[in-house]
Each structure stands twice: as structure tokens, then as C-alpha cells.
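What follows is subunit A paired twice: with subunit B in the first complex and subunit C in the second.
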Partner chain A sequence: MSRAATGVAAEDTNAQAPLTGFARTWRAFLQHRLAVIAAGYLLVLACVAIFGQALLVHDPLAVDLARTFEAPSAEHWLGTDHLGRSTLGRLVVATSVAMQAACLGVGIAIVLGAPLGLLSGYFGGWWDRIGMRLVEAIVALPALLVPIAILAILGPSLTNAMIALGIANSTAFFRLMRGAALEVREELYVDAARVSGSGNVRIVFRHVLPNVTGPLIVQTTLAFSYVLLAEAGLSFIGLGVQPPESSWGVMLATAQRYVQQQPFLAVPPGLMIMFTVLAFNLLGDGVRDALSRAGGVVRAASNPGRVPGAGATRASAAAGSVATATVGEQPASGPSVPQALLSVTGLEIRFRGARGGELAVVSDVSFDVPAGRTIGLVGESGCGKSVTAMSILGLLGDSGRIAAGSIRLAGQELVGLPESALNGIRGASIGMIFQEPMTSLNPAYTVGNQIAEVLVRHAGLGRAAAAARAVELLDHVGIPGARQRAACYPHEFSGGMAQRAMIAMAIACEPKLLIADEPTTALDVTIQEQVLDLLSGLQEQNGMSILLITHDLGVVADMCDEAVVMYAGNVVEQGRVDDVLLDPRHPYTAGLLASMPQNLPQNRPQSRPRHHDRSGRLTQIPGRVPPAWAWPAGCRFHPRCPYATEVCRQAVPQMVAADDRRIACVRAGEIDPVAGWRA
Partner chain B sequence: MSVLLDVADLHVHFTLRRGLFGQEKVIVRAVNGVSFMLQPGETLGIVGESGSGKSTLGRALLRLVPATSGNMRLDGREITKLRGRMLEFRRDVQVVFQDPYSSLNPAMVVADIIGEPLTLHHGMRGAARDARVGDLLEQVGLGRHQLERYPSEFSGGQRQRLAIARALASEPRVIVCDEAVSALDVSTQSQVINLLEDLQAQTRVAYLFIAHDLAVVRHISHRTGVMYLGRMMELGPTERLFEAPAHPYTRKLLDAVPVLDPAVQKRRKAARRNLPVVELPTPTRLPAGCVFHTRCPHVMDVCRHEVPEPVPVQGGGWVACHLQSSGPKLAGRPLDALG
Partner chain C sequence: MLRLIVSRIVGLVPLLLIVSILTFGMLHLVPGDVRERILGFEATPEQYEALGRQLGLDQPFLVQYGRWLGRALQGDLGTSYFNSQKVTDAVLGALPVTLSLTFGGMLVALAIGVPAGVWAGLNRGGRVDRIAMFMATVGQALPNFWIAMLLLIPFAIWWQLVPATGFTSPAESIGDWLRSILLACIALGTSASAALARQTRGAMIDVLQRDFIRTARAKGLSRTSITYKHALKNAAVPVITTIGFQVNALLSGALIVEQVFGLRGVGSLVIESVRTQNIPMVQGVVILGTLVIVSVNVLVDIAYGWVNPRVRAS
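Right after this comes the complex of A and B.
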């Protein structure tokens, strides 16, 4: 027990000052200035509606035929109407009426629509089908026709108008809550609650409802603006509030009738309607943004290295665009052509943080990828390996940039190249494959089409030639029945076949370098084996280099010639793959290897590498990879390292080369990096 | 040895409706006649590729999907046909899911997430409940003063500890671990595996450990079952199964896991090259006879027509393969005996 407890002691220190979900949302909302102003305006309006009439000097119903159609004056701030009544007074009364009416209408809509939608979505089945058909029938009619029909039956009055609007509007709440409930119903935590013994009532109220309140609030603000407009419209045509009662719609109707005598009459109610509806809409936008942003902050904070929206950028970039440059043909300026195909030196990548400021997520990373070799970039998530790969492709998104260092492909500097030049390199000189082949393929086009598209753009082939070549490529990557499969859409492919198709697309233009980011992580072991064999086979045939990003050291052992181990944005160890995996010199590499359960025989200890202790318990590296904003001073691994001394807490370790190996550890040479993990 | 859980000939079938009006019915045999037993304090690993039905097996055991036929008994009590909230059963059988992000309600604080089963099963509320939640948090290696925090304030590994604490709260006899460590990074994964082993030593809880990672299953399981397309192909003591597999599918799975020694791995890689690529069958269109015959290197005529019956294997466990009774007649010897 005590061991398990010590395991996370270090983790806890990383936690920030706790911020509840509500506080986070509130903070995000306050940043939305327009929404805050709108909320303030609506608050003032509510006060006017409640207390305004008590403060009025002039009775809004008092007729004074001597003073009709007056312009604004010191006594009547907004003038008077055709009966000499104070426009200000009538406006205050109208505001109160509008607010009450809107509350009534929206209230009915929520009470009627939300619970039914929630139950319909959660339970599904026959009730859901009947409910949905009913809703569809109502929605199929023009929006104002339903209230007008209901009013024709019930007779014109404000209350009837609001009941009618409430019923018409309840469909929006029904559909919203049904959709949300359908989504939440599939969440694992609902299954977990059921396994805990929760009944349906408890699940609906405790687990589903709190997770749909956000969209509910947004929909409510929008419903307010709709009901206000509809109330004004119905009163304007005489179906809502009846004169002499006041309402924005009635006031507008009056203004229309006497527009010749006093055009100003239309201005106060018109502005009121406009501002109020606008305010509700802005408030809705603000709440929506705050809810999504609060969620976003959480994700960004727990996962600093992730590139926002990278999936989309990757996919679109992988599809390639107009080739404007050919790479490699240009003579290298400056130094002579280097041996390495790809040479990364002193790379530093910075991202704009969620709370402003810039954060280096990768620093001082250097490695070479020689022609025809496979280099493995290894590490746990949050170590910066994917970001490094993305930076080679120039795909850091809007918030990231290369702050220092150089990336040379066959002698050509890629850092600082314009987007158009990078477009010509991506998909042509550098091919890419990613973890999720399904999300990288466009579901709207056939697989053959997508491969042909790359060939048309980058290799300048004609349509027919490109289509024929696409079939050849699919056949080449081992897809059975390539001609038929080329006409299939991505969803008709299994995961393994889709990854083969991605590989076909990546090698279509015979790239010199293939970047593979966790290419087999989503696949079963038997399929992983086939995909790795395919990559090795292609490499033997066309001599391309592969930069393989993976967390799986077994895949590294299978594929790679060299391994580059990253931790917290730095390279900690690199060397030939046999050396790194069998005789790790950096404590992190050794700890990582020792903490992996291995598929090796228990009763033949001599066949196992020295670092693998099979006494029953797995070696634990305490804590976890810290997020980029919490990287410690000195060696970034020192809080988790059993060898850490005072030196490690202060000195930043430099990369030191020794017999084909490069290690960044202050204590390298004086420690046995394997033995310490056994203690 | 006492039997805690006894599953006999379990079938879980789903009906898909296709076509414009759902007129075309397709039956998916996700779990197709699976039998096994589980003892107190034991870990039974279930391995297989995606589509093998291993997760559906876990969900059927948790009564999250209904069994089509067959029997499940917990301590001799029939649990296949229980109805309603099944509180007693819910107390005994708990779950830890794969995804620590979606398995914890983002709108609830830790005290409520872990406290829910305490309220439901033990009627605990208020300070007594919070004290017990604190104990559970300490038991899984988290500090006890985190009751008012939301799941989003914890890392993936910490969240999985929270999910384990919730599963422990009702003091269950069986925990279904459905890919419980698959989403975690290597260093966090080893922490959680050690925690699960420690908790088993303390409480004698039994695990049904469903995972696709064979190395993890080998480490944690006492016995291991291999599933393929809804059927259990082989089941036996973990060391026997990994050292001397009796089913060609088990062998295929084991060979596909890369080992960490590059020299050894290069030799294995050279040996497996140039195998033909075959489209895999799906649970909607199961092959006749032995479901593995389309991929089996030792396929015989009988395999295409007859479903093999389980045969005991030397060294423990059983295997369902025609090689045991037809052709080379292995008669309980492992596959290596073929030479």
C-alpha cells in the first residue's frame, strides 16, 4: 500500500490551485466583454420592469388631449402619443409586460419541452418515436402560423399568445434535450453509474441533467429573444396585448398609424426591441463561448504539447496542394551537401499558452535521419515527439512556432520557408502517415480518388494516368482486389486496410522521407505486424528514410536503426537501437524499459535483458511527465529519478557523446542506470 | 477450490437492421458460446483482437447488455435473469473502464463520484460517507483531501485511480477491468498494474482482466483465455499458454508482439515475411466450422465444416482445435509438438 501511495506523491505537487468548473466558466464569461455589457443591460431592464412603475411621475394611462404628439421635453422625456400619454411611462409599462410575457412563454417552453425531450432521448424506443413525429409535425409548419392558429381558437390575449408561443417553442427545447440526452446516455460514466446500482431516476437527475444544463442555458437566452420578437409581432397585428394596455408591439402599431403626425413615436419601442433582442443573443453567445472555452482550458492545461486542430490541418495538408517547388534539386547554399537526409539542430518550439505568454514545449533537440535508415523518436505523451514531427512539416498551427534551430532536408533549410513552398514539400518530398487512418482520409471521396488527387497535384499526372497509378499503388501496399477497392469509400475499409491506403497515398510521389506518427497504435498486434513489414519492405525497395514516432519500444525494436529518447521536451539519450534498448545509459530510458511488462519467458532468466526484473512487481517511475508549464529547473527528470543529487537539481545536463551514444545526464558514467530502479 | 463466478455457454447476439425500412435483419454473434469459471482472488485475462467479443463478454457479465442464452452464476446464484436495479448483484460485480476521461462524470466532484455507491449500497451520507471516500482515496494512492475536486483536475493515471476507488467502494467480489490500463502511458501503466495487484492481495477480489496487450495480461493474470470472433479458442494457466500455446491463433497473437531485444526481433521479423494479406472475417459473416480456419496455417478439411470441441491440454487448461483430434492428433500436446 505504501508503495502505491508514494507512487503518486510527486504527481500531486503538480496540481494547480483548484478551480471549480463554475468558477472557470465564470472567468471565461467575464472575458467576453460584449456579453458582460449585454448581461448588465438586461439586469437594468429587469429592474425597470419590476420597480419602474413605482417611480413614474406621469400615470401611463392618464389621457391629456391638450398635449398630444409632443416631442421629447423636460417634462415628458420621450414625448407623448396621440392621446397625450407619456411615452416614457408607456415604455416602462411595456417593458414590464414584455418581460413577464417572455418569462411566461419561455417558462412554458422549457417546462413542456425539456423534461419530455430528456426522457425521450434517455429511454428511446416508442415514446421517442411518437414524440419526434409530433415535434416534426409542429416544426414543419411556419413558425408564426402555430401561435396564430392557437390564438384563433383561444381568442386574442397576451396570456393566450404566450401559451401559444410556449407550445411552439417547446419543440426547440425538446430536440435540444433529446439530442443531449442521447449523447450523454452513451457515456461510460452512465454505464459506471448503472454498475454502481443507480436506477434510471437517479441517473437522469444526477448524471445526465447536470451535463446538459450548459446548452439549456444558451437555448433559453435565444428563446427569450425569439419570444420577445414574436410577442411584439403578435401585439403589432392585434393578436397579443390589447389597447389601452401597453406593449412594445402595441406602441409600434400606434406609431405606424400616426407616423405623419409624430415620426419619433416609433423610435423608443423600436430601439427597445432591437437592443433587448441583441442583448439576449450576445448573452447566449457569451455563455456558449464560456462553456466551450472553460472546457478547452482544462484540456490545454492537461495536455500542453497537443496542437489544437492538428487533425484537420494534418488531413488537409496530407492531401497536399498545388506543387510550386521541387526540393532537393536546388544547390545547398553554404555548407556542402550533408550525409544525413534530414538534419535537425538546436530545435526550439514555442506555443502560446492558454493564459497568455509563450511556453517552450521542445528545446535544444538535435538528430539526423540518414538516407535509407529508420530513426525512432520515443517517449511518453507530453514529451514533445509529435510536435517535433509536426514542426518538420511546418504544421504547428496558429499558436505554435519554431523559435530557434534549423531543419534541413537534403541540404535545404525548411525553417522560415513560405507556406506555398512547404505545400510543395509536404506529400511530395516528405510523406506522412498518422495514428488514425480513418480521420486522415476524407470520407466524401473514394480512396482511389484521394490517391489520384495527390498524383495530379504533385506529380503532374493526367486524370486517367493518376487513377491507374492509384490502383497500382494500392496493389503495391498489399490491398487485395485493388481495382475494386480503389472505388470504395474509407468507411468500407478496416483499420488495417485504411492504414495501408494511407501508406499508398504517402508514398505516391516517392518521398525521400516518410514521417510516421504512431502508425500502428490504433491497430491490433497482428495487423501492426503486417503494417510494419509493409513499411520495411517499401524502404528496402525505394530506399526512403523513415522517422517513426512511437511510445511502443517493441515497435522501435522491430523497425528502427537508431532510437532518440525524449523526455519533457528534451532529447535525453540517443544511439543505435541495440545499445539503447539492451544497455540503456540514461535513468529515464532504463526506468521506462523496466516498467514495461514483457512478453518474455519467466523461467528462462538468462534470455532476458539485464534491466528486466521479473520478481512479480513492475518497476515504477514515480509521478508522471509534468506539463510544460511545470518543468523543474536543472535536469527535468530529477524529481522522478532515483539517482538525483543536488547537482541534478541545479545543472541543466548537456548532451555528451561517448562511443556512438549521446546521453544528457550529469551523472552519466558514475552511476549504473539499471540497478537503482530495483531498490 | 471454490467457484465465485461460473459462466456456461454464454451467447450475446445483436440484431442490426439494414435497408431503408429496416427490413433486412443481420445477426451479429458478438459472444458465441463462451464458458469459464473464476475463483476468489484470481485474475483471468481475456485477450483477442478487436471484434473478438471480449468487451461484450465483460458488458454481459456486468448486465449492461442482455445475454441471448446461457447461464451466469455468482456464488451459485443465477444472475442472468435478474431484473430491476439488482442492488445485491451490483454490489458484488464492479467495473473499471478503459477511458478514464469519459468514465467519470465531469459535472460531479470526487466525493459524489466515489460516494455514490456508498450511499446506494451502505446508506452512508454526510461526514461518514466523506470519511470513507477519504479512506478509499488513500487506498488507491491519492491524498484524502481532494473530495471537492472535479475529475478534470486530475491526470489520466490519477483518474484511473479514482475509477478504481469507485469500483472498490461497494466492496465487490469481482471487478471487470475492460482495457483498464490501455490508455495510460508506460510509466503510469506500471503504477496502476501494481496498485491492482496490491488491492487483490488485500481484498481477495477477482479480476476479469480484458486487454489487447498480451504483455500486460501475461504479467497480471493467473489464467488467460484467448477469444476470436466471439469464441473462446483456448484457456489455461498463463505461463503454460504463453510458453506452450496449443492453438494456432494463440501462437499467431504471441508471435505478433514485438520483443524488446532488437536482434531477436529482427530474426522473428525475417521469419514472418511474405505471409499473404487476407481480409479478416467480421462478426456479421462468421466462417463455417472453426472460425479461425480462414487464417490458420494448419487448416484441414474438417476445420471448414465442424466446430471443434474443447480438449484438455497437458500442463493445464483446454483448447478448441481439430489438430488435437484429427490430422496430427496432438491429443492434448501443445502446438510445438508439430515440429
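Right after this comes the complex of A and C.
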């Protein structure tokens, strides 16, 4: 929504000058044009309610039986009713009644509900349980029957109607305050306040109340809407304001009775109710919006990938056994480079930013995935790996696009293909699996159904044949009792099983290329191993290529033939995996390697320790990948690089090919990129 | 699934007990002497005494409540103060009118609100979305009885396409029954559809951002399949919850909208009873109204289990 977009902008400008919470909220609120108009309208209405009657030309109670049911005229702007009374005059009186009544009703609701809810939530125990049961019972009743029952006890009148509505509506405040008190009670700083000896009253006033002020304001505006509508309804059916007193509901009841004689009588009071309730609703929306914005819940729209992961650098420690042991086992890729199945050249991906304009989040990325080989895209979170992978399938969403470059699959250009042609490739020639297998499966359908669906779509199988094939596939990826498991829902699967099911789905149509985006990151260490073995086994059987996206160099060492290291939307180093891992030439690659545990155990696959720390020392690349809008000039890695010099701050490094390696570092060759991380 | 239903129904017992205590307690909260209201001021002390015994007022509260509950469980909610009419008969007699409006209104609300919400959610930020949400915002501010009046004036009074007053039982004529409740249902439904559209839109937008939608797209499924198979069933989960709330709001709305069309349903009954403080009748309406809402909530839970396999299993 455009609102959200301007909100982000507002947040950013606000961030420059530190403002208090209230001032930030206020500024965010002022940007909400409709809410400001609504607030203005309500102020005018309040003035009419207070001073309006003094300005009236016609006495709202003056009966003139000679002039009944008049249409609007110069003298009576809104016409007259069945007793010849001025509709405008009665409307002004009604406004005053409605405002007073609403204030009374909402006031009772707050005074009754808020303190009880606060006590109930703050002290808990039996009183809380009884309170909650009562509230639940009241909420289970038909909404209008609560005030009606109370009116049956008290007798119909405006004051009683407001008491009834106040009691009925107090449950909302009770719940709100109870929830807030409960939450704040659990939070650390209240514990701290308690330890430091603050009394309960002090805690409530200092810590609980400031936190609920915002939601309380929003709830109050909602309560005004509710009370106004309900008061109008009750008065309409004769249980609220009693004639000859005037209220919007009473006026509508009159209009109803004389609808044959003068239908226009129904218009003014109805419009007044509508505008007033609308104003309260818009005001509430505005306040809610302003609060959530000022609260700093701003999602970076310019970073389409995952939120930059905290401590991703250290997480790459995950792996363990790099290089040394395993690299030797890799099939040596001979001098004859196999024909590339997938060829990405000069890829640039742009996303529309929150403030308009476009931002290149990936630029000048080129790599080949040869047939039957596995290529690893490596880097920390936020480097553009996943975006690159999604762009191959043409799945950048509405705000992203491929701005330049080419993606060829077996010679066919994918960039610019129409959606229908891409749909024929997705799931058929290219399969994809994701990081979170549990959320990547649809919770509402069985696993078998979701696998069969791909076969119906691409392999032209009938439903029954597809279902049978789905069971075979589940069996094939090593799920025991595949027939029964196919009828299970995703929530009945473990993470590892779910990832196997995802793999079954991805390979169902025997794709030439499998894109695996962090396929093991969300899984248990022991399961990771099994899933990787499954992928290698499948590759051996059907000869597919794999593009493996990971931040885990251990996985790269185990699985890949070549590594493409990305940093901040660029490729910084690429080459054969043993070359890159044993002899990193870019400081970033070296830094990633250095942040893995030293003294790695040589005997994979028995152990792939996490957070293993035999040497007792783990280097970290300082800081983290900046978001795309904050990428520095020159080499994007320079702020985190121990070798950075003045040159790095200015010159954009160009990709230089040497031997079978490609490195983008201005100082490549003149430095030992490993040594700097030991310091 | 069966276990889910049974456990939900068993879970209602304490709730219904609390409601019954509150409802029964009403009688004792009424200021003044109930007997005075029934007998008038000119009755003799002996008559007062006799009526007190007849109503059980000489017994302790808990005994009175126990007796009342025992009779209520057998379907006897007492007798009107002012004539010998049985409360249960009176309320059950009025209920068809009100239920016709409530569920008719719900159908209208679903027919308008769900497609509008889905459409708006799919075109988030687009013109369709803005128009639909503007209408929903305005719709939520309209009192439904006012919409009813605005419909009544042209359709029933000027053009006389439908009767302006009176209810025809569906047992007599389905066509006339529909005509007699049509405008009321539309009035109630438009009001409720606003909330439903907003909720559906929100649910749709939320679901379309989930990982499994990305999976569905990576599988090469068509837009139609992604929207109507993968997104809609998941979006239905929060929408169904809203439907539960809306039935409650519609039932309340029906009590008032009945008055616009001169339909003598529960609304007329309870209004009359409140005016005369005919407490047993009000109690009957509250109890039976609660039963209706509670049954709807059980149905909602069953539907919830249908779209959400996780609920079904547990």
C-alpha cells in the first residue's frame, strides 16, 4: 500500500533526528490525511454539540402543525418533521445528546473494564480466572442482548442504555488491559523494577500504563463507534432516548413511522451517524498506523531476500570439515570444460525501492552450471544468492525485475520469456527446493496431493496415475511407509521428512537442473548429512545439475564441483571448489574460511560438528553485509576488509581471470588474503 | 473429527452454566418487588403471599436457581408475567423470523464480502482494492437499520416490488417468504460484508506471501490454481473465525431490522418484554439466543477443522 511506502520514508527521515516516542507517533499520524480530516470533523462536531443550540434560529421543540413534513427549503434547511419541528434544529440537539451519551457509555466502559482488567492481568490467580470466565460468557451472548437484558432490569432510558452499553463494552477494555498487564508483567524490566523495590502501584503507573496508552486510544475510538451505533439502534427500537428528547436513533424512528409522508426525514440523521462512526473508525485506523510506524516496525522493501541474518558469519561455522579431507575426493574436473546446461551472463537484478526508484541488488553476475555438475553459490545472508536463484525461475515478484543479462537453459534464453512459457519450465526442466521445508509445503493439502499436482501439471498424468507415482517418488527419496505418508499432512512430517518430500516434488518431472536454496540450513545436523547424501545419490542416478545456494562452506566442500562466492550483489571469486577453498585469493573468501572452526576433524561423514571449537579461537568477519541501499562506493567489502586501502574505497574491482580462477579484488596478487584474518 | 465436535460441545457446559446463572440472577437484580408489577398496587397481602409461594420467592436463591434450571433443561423457561403464555413457545414462535434474517443476511454477506475481499487481496494497492476497501470502510459505519430504511423506501414503497411489512412462513410459500425477508437480508448482509471483505483481503494478502505459495509458483502451477487451490483454502481459516463473530452481529442486527419491516420476530418480543419488564420472557430470549450463537460457534469450529488439518488431528 502506498501508505506503507510513505511510512517507510517517514521513518527514515525521523530516524535522523532522535524524537521522543510521542513526537514520532504524532508526526506519523499527521501524514495520515484521512485520519486528520476525521479528527477535524469530530472537533467541529464537539463544538456543534456544545454551542450549536445557541446558534439555532428555530426552537427545536417548537411545534408548528401548519408546516409538517416540509421538504428542505431556505427557511428550514433540512425540512420539518411530523410536528412541523425543524429537522436541522432537532439534529443539532440530537448531536449533543449523541456525543454526551457516547462519552458516558465509553467512560463507563473504560472505568469499569480497564482497572479490573489491569488488576486481573497483573495479579492473576483466582480473580483472574473468574473474571475471564465472566468475560467469555458475556462475549458468547448475542451482542445486543447484553444491553437489552440490562435495560430489562434497569428500565429503558438514555442513562440506563448508556450504563448497559458501557457494561457490555467494558469487556473489550478488560481484555485489552489484562493482556497488556500480563505481557508487561512477564517482561524483564518489570522484574528488575520489582527487585529494585518499586511498589505495585508504581510499577503499574511507570511501566504498564505507558505501554498500553496507544492500544487504549485505538480501543477507545472503536468503543465510540460501537456505542454510537448501538445507542442509535436502541433509541430506534424505543429502548434508549425517549421522545420528545431527540437523538439520531429517535429521529430515525420518527422517519420510519412517517416514511410514507416524507422519506427525506430518514436522510439527515442516518448521514450524521455514518459520518461520525466513519470518523471514529478512521481516527482509530490512523492512530493504529501511526503507532505501529513509530514503533519502528519497518520492513526493508528494498531487500527482497531474507532479512539479513544476525551472526550469519559465525553461523557458517556450522560446517566443519572444509576442504582438506574432502577436496581430494572430488572428481578432478579436467581441462575439457563440459557444455554448460545453465549459463548466466552479466545478470543484473533491480528492485523497486520503498521510496520509488530502483535499486540494483545483484549486478554483473556470471556463472555456468555444466550438465551433471554441482555449483555452489556461497556468501552470507543478504548477498543476493537467493534472488539470483529466484530470477532463474523468473520468480522475482512484482517489485523485482531482471534489468540486464542473460539466463540460458540448454541454449534457450529464459529472460523475457512470457509467463506461460516460464510456467512450462518451472517444476518441469527446473526443480527447486527451499530452506524451510515445513513452511514450503501447503498445510491444507496432503503431501501426496502436492507431489501429484506437479505430475498432473507437467507430465500429463491422470489423477490416479499421478497419485501412484507420488507414492513411488516418496519411496524413492527414502520415506518409509510411503503409501501411508502420502496421505499425511505436512504438519505430521518432521523437518527432514518434509525436505525429502520437497525433493520428491522437485525431481518428480526429472528436471535437468535442481536449484537448492539452503536445503539443509533449517535441519538438524544429523539430518543435514542425510539430505545431502540423498541429493548426491539422485544426481548420480539421473545426471541432473544442481545449483546449491548455501552460506555453509562445509556443504560446498562436500557437494560442489565449483564455487561462486558472492558478496553484496557481486561475484567476488569463482573457480574449482578445491582451488577456492584451499587457496582463497579474495579476502572475503578467506574471511569466510577463517570463521569456520580450525583443526577440522578429517573423518567426515561421521561428524560435522557445529560450534566446534577445538582450537579455542574463531575468527569473525567484523560487521555484517549492509543492505543494498547502503552499499559503499569502491569495493563493497572494503569496510569489513583488513586489507582495505585508499584504492579500495574508490576503485570498483573488476573481475580478473587467472588460471581457472576469477577474482574481483583490486589488491589481488599483492596480498596474502589468509594472513590478515589470523591477526 | 468426531472427537473435536464432542470435545467442543462438552466444553460449552461451563459456559452455558455461567450464562444461566447470570440470566437467572437478572430476576433478583430488578429493583422493587416483582409481585407488585404483576399484581398491581391494589392486591391484598394474602395475594402477595400466594404469588410469592407460586413463584418460589420464599425459597433461598440456590434452590430457586436449581428449580429454574431443572425446568429449563426440560424446555420450560417459565411463563409470561402478564398472560399465561409459555416463554419457550413464545420465543420459539418468533425465532423463525429472526433466524431467517440472520442466515439470509449471512448468505448475502458471504456472497458480497468474500469475492470482494479475494479480489481486493489479489490486486493489492490497485484500483479494485482501493474501491473495495473504501466501500468496506463506509459500510462498516452504516447502521444496518438505516440501510434497511433506504432500501424500503424505493423498493417497497415507491415501486412496491416487495411487501413493506409482514412475514410469510416458508411453509406457506417459499417465494413469498423470500420476498418478505429479501430487503432485510440485503440490509443486514451489506453491513456484515464490509467486515468480511476486510478480513478476507487481509487473509489473502497474508497467505500470498507465505513460502508454500512460492513453492506452488516454482512448480509452474497456473495463477488460477495458485489462487483458488493453494491460497484460498488457507485464507479461509481466519475468515471462518470472522463468520462466527458476524453471525452474532447479524442476530443482534436482525432484532432491530425486524422493526423496519414490521416483522414480528424475537426483536418485537424482547422489546415489548423490556418495556414491560416481563423478565421471564427476556430470560428466555437470552437463553435461546445464546444457544443459537453457541451452536453456530460449534459449526464454525467444525468448518475450521475442515480447512485446517492441524485442528482436525488434535
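Keep this in mind: the second predicted complex is superposed on the first by the 420 of 679 C-alpha atoms of A that agree within 3 Å, B and C clash if a C-alpha of one lies under 4 Å from a C-alpha of the other, contacts with A are read in each partner's own complex, and residues count from 1 in each chain.
Definition applied: a contact is a pair of C-beta atoms (placed from the backbone, for glycine too) under 8 Å apart; a residue touches a chain by one contact, two chains touch by 3 or more.
A quick note: this is a predicted structure, and the numbers were derived from the prediction, not measured.
Looking at the shared chain after the overlay, A:232 reaches subunit C, while subunit B stays out of its contact range. Contact with subunit B, but none with subunit C, is seen for A:494 once the two complexes are overlaid on the shared chain.
When the two structures are aligned on the shared chain, A:478 is found in touch with subunit B, with no touch to subunit C. Judged by the touch definition given at the top, the superposed model places A:53 against neither subunit B nor subunit C.
In the superposition on chain A, A:551 contacts subunit B only, with no contact to subunit C. When both complexes are overlaid on chain A, the residue A:425 reaches subunit C alone and has no touch with subunit B. In the superposed model, A:155 makes contact with subunit C only, not with subunit B. Once both structures are placed on chain A, subunit A residues 1 are touched by subunit B and, in the other complex, by subunit C. Within the complex formed with subunit A, the subunit B residues making contact are 49-50, 62, 64, 85-87, 90-91, 93-95, 97, 99, 102-108, 112, 116-117, 120-121, 138-143, 148-150, 152-155, 157-158, 161, 163, 166, 169-170, 185-191, 193-195, 197-198, 202, 212-216, 218-220, 239, 242-243, 252-263, 265, 269, 272-273, 275, 277-280.
In the complex of the two chains, the subunit A residues touching subunit C come out as 1-2, 133-134, 136-138, 140-145, 148-149, 151-156, 225, 229, 232-233, 236-239, 252, 255-256, 259-260, 263, 266, 270, 273-275, 277-278, 281-282, 393, 395, 422-428, 431-432, 434, 436, 439-445, 453-454, 457-458, 489, 491-492, 502, 505. Those residues of subunit A lying in contact with subunit B across their complex are 1, 3-8, 11-12, 14-16, 18-21, 187-189, 191-199, 206-207, 210-211, 298, 302, 380-381, 478-480, 494-497, 524-530, 532-533, 536-537, 551-555, 557-558, 560, 577-578, 581-582, 591-593, 595-603, 609, 612, 616-622, 624-625.
Residue ranges of subunit C in contact with subunit A, taken from their complex: 14-15, 18-19, 22-23, 26, 29-31, 124-125, 137-138, 140-143, 145-146, 149-150, 152-153, 157, 210-212, 214-222, 225, 229-230, 233-234, 248-249, 251-253, 255-256, 259-260, 267, 270-271, 273-275, 277, 279, 282, 285-286, 289-290, 292-294, 297, 307-310, 313.
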